[in-house]
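Notes follow the structure.
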């Protein structure tokens, strides 16, 4: 009923509907939701996601450097700390369940898609300002929340349709639950709010197109990341 | 008669009138205009200005890195090239006339005031965006044009008042002429235009205060640079 | 008789022979040498190479920022200037001959392979030091010289074998001549010397593996760039 | 008995004995040890030290960005987190005891000496590599440990000589105890170890002089920071 201004995130998504749909509705995601994703694809994805997290932590460290606002610095550092000391440990535990131990993870060569996405994000932040950096990060942070919530909702709406092919519970159910769960949903909402905080400070109409392009490319690079998982690409 | 919007530079200057006056009307500048500045002070300033130019060139190189706009990149690189391959040679020639040869210049230890100003500018550009960087650069580029023009105008208005203490022409006349001359005045005007170009893209009302603070500090650090010259501070 | 130390470039190449061979002997290169490369592939490559040059210029601008050594700064700025004001103009002329005018070039979307390579190089330079940056740049600068020289030598050794499929002179002859020519060969040699200059200052045995990995990845990303041309990949 | 190699920190200190002595034996430090330091000087120092901590946290965030080594990243982030979420809170508590509440701290203008030192450190880290950055940080981190330990030892050796002028306990005793205490001493030792870790990877004989100059300047800028406190300089 209230006539709220759309968030910057919503405006960016609306300007990149095709790329956003291609990312969040990628075959990897569809198969993950149905439980039909080949385990090798998921395992390849998991390993690269571990390497991805390292650079993701670096991106938030860069964001912490780029501000002198204490509250913003603390939020960025909490993200780095969360990634390095909580998310990574969870990831390692989770990977162990899929037969990948920490030494195996650390020894993995970085896939092309991992490199392409992470260096793009970092360089956006170095050439530009915090707004450029957080826009480049947002398809990942917010998108995973959206994907998790959508898959969980589908599963709730029609549990019978899912995993019949595998004849048991969806092996990726815990992954879906994690991103659909309240903790991660809050992380995603905080990222949307952080973008609006920065937009209030630094967004001009003249910047919108360039930010859209950054957003669109980041969404494409996320889709490439799923593709890398699905095709086991090095 | 035309109702023009003031330039960003004029708005920044208007918001920092005291610091701007303290910089452009510093005792070093007054004495330079009257020809009464001790030669040792001028020589100390000249040497440090040479070291300053090196970091100034680095700041424009950073600006060139920070954009993908070809015209902006070319302007920034023309500045680096101009500093390294023209201005520096002129500076070396000029210094030679004051008893400082290139080897002496290269061996000079960097004064505190030189370090303080240059690192402030560079770090502004790395933590922020191109607008932050060019605002930090502007008191130097545009200020020298204003100082040169003002001193030349005073000299033209009342030549008798000048240099009577030294009983000959103002020994700093060629310095004043250089910055008052059409070539440098064009450089200063181009810097004002470049700021407006970036402001059209990236200036928000919410950023104005922070940019003022950057401008004000840069003007203060310029005043400290004059002070360093006057006091022969290391 | 002389007992010369191999250059850092030669050591890196020797540690990455497979990746180097895959890059310099890529099907794109082979077909270019034989004159059998589809024109659409060459045109796609040319357009992306134009976009690549913009980021390449940014990388040298970053190198200029990262030093306070005047000679090194001048070399880096000469590279930026050469790219922006000479190489790019030649490129635009050359592209015009292939039906791509400047407006068409500027409107091209950046291909994935272009983004991946360029952001990798830039981020290496920001996270690391000048040595990391120049190592990441070297497969391009020196590799093109090697490719040009090798193709020219093959053509000289057996002109009859070349271009018979197209029944006329190799349409890519001028591209080969440019990179085989003395001007570009000197650029490539200067890049080898610049690496050795930096190695003398900053290379430790402990860094060699990481630099190899940077070199290897850059060579792989160059091979991906050829692949992008050959497959017309977006 | 063991013939250990001196740490890089010890080598740097040995190469800058005069600057190190001027910093660690500054009148501010002497008076602080004797309890004769004017309270206004200490209060001015405390406020600026709060602002200093913000940029110090940014420097460690930058260090976290600049590595992909997880252990090193975690150490750097622990430093940022420690500064922002522990040290700053202690600082605020401590300042409250001296009549400076958090709002007063946040409203303080940054003194010249604070700006000069912090931007120098940050820019070292951006232009150079992690070794350059940590060398620039070391006079602060390790020096405070040395100063704290020395003042505590003097106090223990001759308690009667201290604070007689003020006729009561040294008002700065808790400051001394904090830096002399085991927690901070461990922080200082970890910083020495971190420098040696980086030196093993990246130190060449050719870099030593430049690192000495960085160290020497950072020590001088620390001495200027004391001077700022003592003279209440803005």
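Just so it is clear, A, B, C and D label the chains in written order, and each chain counts residues from 1 on its own.
Everything below uses one rule, namely that contacts are C-beta pairs under 8 Å (C-beta built on N, C-alpha and C of every residue); 3 or more make two chains touch, one makes a residue touch a chain.
Here the structure is a predicted model, which is why all the values come from computation and not from measurement.
By count of C-beta pairs in contact, B-C exceeds the other of the chain pairs A-B and B-C. Shared numbers divided by all numbers used gives the overlap of an interface; between subunit C and subunit D this overlap exceeds half, so the copies present the same residues. Of all chains, B has its CA centroid at the greatest distance from the CA centroid of subunit A. A straight line joining the Cα centres of subunit A and subunit C is 33 Å long.
Separating the CA-averaged centres of subunit A and subunit B is a span of 45 Å. With each centre defined as the average position of its C-alpha atoms, the distance from subunit B to subunit C rounds to 38 Å.
The multi-chain contact residues of subunit A, meaning those touching 2 or more other chains, are 58, 65, 67-68, 122, 126-127.
Judged by the touch criterion defined above, the protein chains are all mutually in contact, each touching every other. Residues of subunit C touching subunit A in their complex: 58, 112, 115-116, 119-120, 122-123, 126-127, 217, 220, 224.
Chain contact summary for the complex, subunit D toward subunit A: residues 54-55, 57-59, 61-62, 64-65, 67-68, 70, 73-74, 76-77, 80-81, 84-85, 88, 106, 122.
Partner subunit C is touched in their complex by these residues of subunit D: 65-68, 126-129, 132, 200-204, 206-207.
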